[in-house]
């Protein structure tokens, strides 16, 4: 009965992409650990860009700093 | 000083229902573990339906599949 | 299909107390939100005392500071 | 490669305050544990007031009860 | 820069199985959302059996109740 | 009443370093958002090395791959 939480930045993830993530993670747990999909939860959190920090900066600033 | 996180799908949970959840969980921790309500936190997360997967499907699709 | 995470300090919570917490939270979600117990997960995390801070101190130090 | 999650009530946290939180936590982990900022994630969750309980009450009710 | 948390019961997950989970989830996020593996974190939590509840029971009791 | 969760790899974090993390984060939230330390929780999770993935590898393997 696994519980999986996926956090990504909110940047236009589509409903179809969410379906792929849910199916992909559920299949992976069934294959690797023989977990029952009926009791596998997957919760996706979409986090506002300004709420996600990396390298000591909000992620948009960080990405710009990496490109320059 | 417990911390409790309740995740449910976003399906019209009312303010009164949230009050009941907060009070119920806080009382339970006081009764079972003698925890002080003043330092018991309860955080409720309401998760969009398409962001919650079960059985390898978004939960609305899963529910439909169970009914048929 | 709720997911509930209960974090408490590791201070000798017994197996029976865990059973009470699991049943209590599951019943609460069934009563307040009509959630199906069969798809209600409760995960209890027991956190080492020195890993839990409150008032800017590890919790044991904090409790001592409150008593004096 | 630390991961830090900061949960606060949604009460008008500004973009500048978020920058300060991200930088402050990242610096702290570099100073105390010599962690590399490039692989330090900070995720801020802003929680609706009615979804945060303390003392068995939603936090606004709790604050009022403390003032009286 | 995704963050994924996988919670499973502690039942002898091997180091090789963990490697498969980490690689599988990282590949999935690269394929579906074009996320950079270098900033994809996967954290696996192994939860004691008596700390995981489902159906209002610790998971071992729940499994027994399903078999009978 | 903030809640902060810090996840780091389990690599010999000392009790004194935990005190510094708890105090540092609590001070930061008081300075930036005027949060009351008495209702600021900090929970530190130390994650086994083989349970933390980055770049599609357990973190020890990842570090080796970066050095070569």
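Observations
Read from first to last, the chains carry the letters A, B, C, D, E and F; within each, the first residue is number 1.
Just so it is clear, a residue touches a chain if its C-beta (ideal position, glycine included) is under 8 Å from a C-beta of that chain, and two chains touch if they have at least 3 such contacts.
Because the structure is a prediction, the values reported are computed rather than measured.
Following the contact convention of this document, B, E is the list of chains adjacent to both chain D and chain F. Sharing over half of its contact pairs with C-E by residue number, the repeated interface among D-F, B-F or E-F is E-F.
Our note on geometry: chain A versus chain E, Cα centroid distance of 14 Å, whole angstroms.
A separation of 20 Å divides the Cα centre of chain A from that of chain D.
For chain B, residues that reach two or more other chains under the stated contact definition are 1, 3, 7, 21, 25, 39, 41, 43, 52, 54. Of all possible chain pairings, those that touch are A-B, A-C, A-D, A-E, B-C, B-D, B-F, C-E, C-F, D-E, D-F, E-F.
If you check the complex, the residues on chain F that touch chain D are 1-9, 13, 17, 20-21, 24-25, 28-29, 32-33, 35, 39, 52, 54, 59.
The touching residues of chain E, counted against chain C in their complex, run 7, 47, 50-58.
The touching residues of chain A, counted against chain C in their complex, run 1, 3, 39, 41, 43.
In the complex of the two chains, the chain C residues touching chain E come out as 15, 18-19, 21-23, 25-27, 37-46.
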